[in-house]
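In what follows, chain A forms one complex with chain B and a second complex with chain C.
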Partner chain A sequence: MVVNFTLNEEGISVFHDALACMFKFSDEVCLETKKDKLTLTTLNLSKSAYICFTFAASRFFSRYSFEGNAQYRDRFFCQLHIRSLLSVFRPRQGGESGRDNRETTIERCDVAIDDGPGRKSRLVARINCRNGITAEHSLSFEPMAPTHAKFDKTEAVNHWTISSRTLRQLMDHFGPGIDLLDINTDDETRVVNFTCFTEKVQKRGANANEAVLKKPLHTNIAVEMDEFDDVEVEDKLHIIISVKDFRAILQHAQIISGELAISYSNPGRPMKLSYNSEGILCEFILMTIGQDDAISQKHKNPRANSVAARGARPELDSGSRRGSSVVNATRNELSQAQEIPRVPQLQQKTALRPRQPQFEIRPQPIPPQSVAPPPPATARSDSLFVPQGDDDHQWEPINPDQEDDEGGNDRLEWNSNNEPVWRIHIVHPNISLTLVTRTRPSFASAAI
Partner chain B sequence: MRFKTDLKNIRTFSKLVAALNSLEKIAWVRLDDDTVRFTVIPDTGSQVWASLSVDLIFDNYHLQSNEANNTINLELPLGPLQRALRSAQGSNQASLRLTKRDGIPMLSMTIHAMTKEGAQEARGAFGAGGMRGHNGNNDLDPFGDDLFHQESLELTMKREREKVITQDIPVRVLHPDTVETIMQPKVREPDVNIQLPPLLQLKAISDRFTKLALTTSAGRGGSGPGGGNAQNPKLEISANMHGSLRLRLVAEALDITSVWDGLENPDLDPSQLAMPLEEHPSTRFKEEGPEKWATVRVDGKDWSKVLSVGRLEGRVIASFSDDHALILYVYIPNYDDSSTEDVVTYYVSSYSA
Partner chain C sequence: MASPANTAPAPPLFRAVASSTRPLYQLLKSIGFTNKVHVDITENGLRFMADHARVMQGVAHWNKNLFTSYTTNLTQLEDEDEEDEPATPTFQISLPALLETLQIFGAVDAATRQAKADIDPYRSNLRNYRPDAFSNQTLGMSGTCSLSHSQDGAPFSIVLEEAGVKTTCNLITYIAEEPELIPFDVNDLSFKIITQARWLLDALAEIGPTAPEKLTITASRKAPYLKLSSVGALGSSSVDFAKGRDLLETFAVRDARWVQSFKFDIIKSAMEAMRIASKVSMRGDRQGVLSMQFMVEVEGAGLSFLDFRFVPYAERDDNEEGEEDEEDDEDEGEGEEL
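The block that comes next holds the complex of A and B.
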């Protein structure tokens, strides 16, 4: 065994949150272990966002050992599918009522990674639930060295720190249909402005004037500089990033820590966002959108310039994959098509982001008397009389054919998996999964 | 042309906009010195005319236009307006003004608000619930930690400042001539006037009927005998002048009816009528007894959208013209001033049998 560790209950939840955050950016994650820490890194497909989470071995692990071998002397690394890791650490919930949460929570997770010449490259995760059930997942991985994005601290002269919770709540004011966030300051009024807008071309209606009404809400939030810590920003500097990325980061940041620190230099240069808590450090490097594009987006007719503007989004500098010759990688299909051949075979498959598992195996549930009681029949009331209350949702029309108002909102943290606990999904053909019950017979205590 | 006002009763305003938005994405708004009128006319389905006194939702109201009678007519998207109003809920102060940005007319809402600091504070850094960091809902636990959250005394702690949020809603300014061509429908004197039961109840049952019709007709193709087109089931709604309302669904395999009794048939004001009360159709319907029903058929899905107005929590009077029309008058409760009448009128699209 090269790496051997046990995640404690807190570690499992922190791991899951970290992976869920990364999954919004990429399908793959690089796991890197050293003597005293474990690092998860990922880079998104367009290479405009890099994430690095570092976990201290002393905090989230009840056991942690890394034994170097000939191949991995001072560090071990591998690349895994985030989706399969997420399914391992997914919180088990006993039906919709959530009554049996205590019973079915994962108590600890033993992870063993084996690799080396003549050995199978496998990560084996053994889940131990509070109710005595264990599940063993065996995941295959690619021995791929992580890519680390570079960020020049000395260049990033603009910086500020603010409560991530405050910032996260402010994001609620932004409506759907926007995709870019412009952060700018005004020394005169002593405020930092967060402006959301879109460069997307609105679908032309039969009447061009009608298109005007289809523009999304344009939102600006002015926050007094006094509310920031450590604030130093060039006056009137506009820095533009993707709203979706920013939202995903804030969602995670408010779980982890109170303070979010941001530093950056100029448009078209990287921006670093970081926050930490005891034993965990979270760093994000985002490529900001270039100034020329920003001007065209803000001041010219968006219709005329949108394609050019959207295209010019530089990549991050990476330490190990320097080969990328396309400086202005675009996000449209054309450039992705150029990029894909350079990516190894395995990645190419996942680059399409399969949202559905390729196949599903649903074994019979474990005999009910030995495990937690089956989930209650259904919590969703189909009865004729619904309870009175001020739940605004009840007033929504039946089967409305308008698209979801919140469509562009990307509040991604909803776990849609409301399925019974012991239904097992095998999400990837490379993963073998065994389910083991260790439960005592239910009459044991009575007999004694 | 100038329009500037502070907002009040944002909750009511927001609920009205939400109700309108469930019917159609775009509304016409007519502002004058006393009244704000919202008109929603979908391509298919029910029309809404909401006439509100300016004082219901506006304060410090300034309106100035070159048109006769000092009016401004706007066309605006309801989704963004609803979204902006949601931003304004719970704010310290919010105002609305007509302006231009990049040459495009905008209704600009300026909101002064604080972030809800306490709501999230109580949550541990690594809560077991993990992911669902949702705001609000602290009213569920009146003695929870949220209300009496203990704050640590830190000299470095930042005081929370007020944030200024600007929400720009794109609008079109309409020429009054085009607006005058939109006429409120004229309907003959109703046969039955009745106050509807609680709309939440009515909506739940109507939706249930509609769903039943959709599921029973699924996969069979064609249309049921009375249920109309399989995709657009029709509900039959009847009322009499003896306090009863009847909701009925006739589909291929089923015929179900729900009846409410003991409802109020509001009295008509003789001074408002063009005919003597004795000659009014409703008097005739009353005299003919409880078996004399006025009936209309409505589209189940459209009816569900109409009933979404229940969120306004107002009294709703339904006026039935037998086999002809159904009109709902929704009286918006105005807690400041009960002398004015703020009414939302729904012309429910109905179908003959």
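The block that comes next holds the complex of A and C.
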């Protein structure tokens, strides 16, 4: 036996929750064991999210022993299907109502992993139920070294901490059909804004060449900084992540409970979320969306565009300079990518300068400013918003020319001066909610 | 087809009235794995037999105790027809249609009602899974369900009466195919185990997620006594009943061990029976046929039994496919000797 450990009933459910959370990102998980800890890691398909759960050997397991063998002296690792693990570690009670469930609940689960020459490479989980029935599941695995993403703490100067419960409650205000979340702060009003929106477009028109925003609705949740602990964030820095990932994390964070700590640097650089509880440490590294990523992604061929739009996941390896550099690096353990200091960033800045920092689906600023818009631009400007005057087309970052200050090129704001948007403000004691929409809102849709 | 009734209204071949269709529905649903079910009307009740490709058969009985009144007029057949006619009326009937009919009114079991409440927000908010204020149970007006079959070839009619609403359903009866029972030699049993049906259910639920093709059942004199195992695409699973002293109520194995493999899906079709039954008696004969008898306790009507028979995979197949697993090979080696 290479590894042997026992989970009690509660441990099984924590283990199951962790796997269920990972399952929202990936189909497979890497299990890594050392003398003092067991680690589950996974990287999602687009390599934009990395998840790592660490279970302390002494505190989380009722019994844990790492013996190792000739091949795996210090650590053992393998890759397994999450789906099959989920069915093994699923909670057994429940189901039949009115039954005396105590008997069928699990007393403990012994897991043994065996590997090596001449032995069957299997993870064997033996479930002991209280009534004496034992179930044994043996799962095959693939020997595969886990990929670890590294996060440069020194680079991540922006950070804050908040109770995962509070944050989870805020999430209820996120509207349906959104896929991006913009986190930004305002030092003047002392609030942290969570703006969620979607860049998904619908194709319309005879040749399906008109792109129309699927949901022209922005929901802004402003949370007073007092709700947070340890806030240190650059003013007006916009950081964008995928709502789907964020949701999955918060759902799990709420079960584990405790403080959720987030730290990040600039758009297009990784963000780290972490929380911990009795014997379990949960870490997530998400790649944030640089604005150029969004653009380059959209400018690819229309097929890829629709795929990206459907996938709801801003893939970072979709051809942008920055994204691809990161992804290539991820292939050789992702760590170097994060370790590369700021050099690539500086390069990017120069590279980015000629680009219009805008989202493709927004109507282009009508010439003269627009610098040789790509052919689809004219089609795009026939979009839903066309009937509004020329000035109204400028739903674009407020300061497109300010690329000099750090991260400025990644800003994402909406011009609030002269565009006909509807704003709905909802004020709670500590939270204010703003819905911004370009279409006349019906109160049914704005109801929260 | 003999049609004796051109005179005054002859008493129907069979007529029965039940105050609740729920037990009838539950019993019948547990053999709901086929489209057509074979019905025999006897003096003691109705016998339904479902057959799946001659490798699985399920028999459910509606004992006459389940009905408030139960009359048959079987002499009618015997009198008028010759001896070569079957003494009991037999026919086939569409099982899904019959099941559908039985739950037209309040007989819908609580689970279905809950499922509806989940979908319908109005119900789930305001009524919170409570039974409907106007349901028959609440108003104390239980409906009646009368079943009748007037003569051979006539439809099987079900009349449901509840709170002044009367629903008549006539189900077409089909000519019976002579159903051959899967041969099971009660005098040549290899093992007999009686246990709680829900434990068998739990064991199958444990194996279910791996969606295996085959389920191997091993009964052995020594531990693990009773073992269910399977090999799926992602790994193998097994459940054994070795540790619980009280798990097996009756346990007798004639030879050292009895090992047979069955198609997992057919065993799974018996899960509905495991859910409603309190006890199960598993028996295997020397040829490998597995019989499962489920004892269902019906409130106010005593016991009902459900009878399942399963034909195993031919053993040669087992050896070919079982070679991945050394243990299996061993098992099958011994199995062949039996």
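Please note the rule applied: the second predicted complex is superposed on the first by the 268 of 448 C-alpha atoms of A that agree within 3 Å, B and C clash if a C-alpha of one lies under 4 Å from a C-alpha of the other, contacts with A are read in each partner's own complex, and residues count from 1 in each chain.
As a convention for this text, a contact is a pair of C-beta atoms (placed from the backbone, for glycine too) under 8 Å apart; a residue touches a chain by one contact, two chains touch by 3 or more.
Remember, predicted model here, so these are calculated numbers, not experimental data.
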Which of chain B and chain C A:Gly118 touches, first, second, both or neither: neither
Of chain C and chain B, partner touching more chain A residues: B
Which of chain B and chain C A:Val14 touches, first, second, both or neither: first
Chain B versus chain C as contact partner of A:Lys215, first or second or both or neither: first
Partner chain in contact with A:Gln251 - chain B first, chain C second, else both or neither: first
Shared chain A contacts, counted only where both chain B and chain C touch the same residue: none
For the chain A and chain B complex, residues of the former touching the latter: 9-10, 13-14, 16-17, 20, 91, 101, 105, 163, 165-166, 168-170, 172-173, 175-176, 191, 209, 212-224, 226-227, 229, 251, 254-257, 277, 299, 382, 384-386, 388, 392, 394-402, 405, 413-415
Contacting residues of chain C [partner chain A, same complex]: 198-199, 202-203, 205-207, 209-210, 234-247, 275
In the complex, chain B residues that touch chain A: 15, 18-19, 22, 25-26, 75-77, 79-80, 82-84, 87, 101-102, 104, 106, 111, 115-117, 120-121, 125-128, 130-133, 135, 158-172, 198, 200-201, 203-205, 207-208, 210-211, 214, 300-301, 304-305, 307-308, 310-311
Interface residues, chain A side, partner chain C - complex: 81, 83-84, 87, 90, 92, 95-96, 99, 104, 122-123, 127-129, 131-140
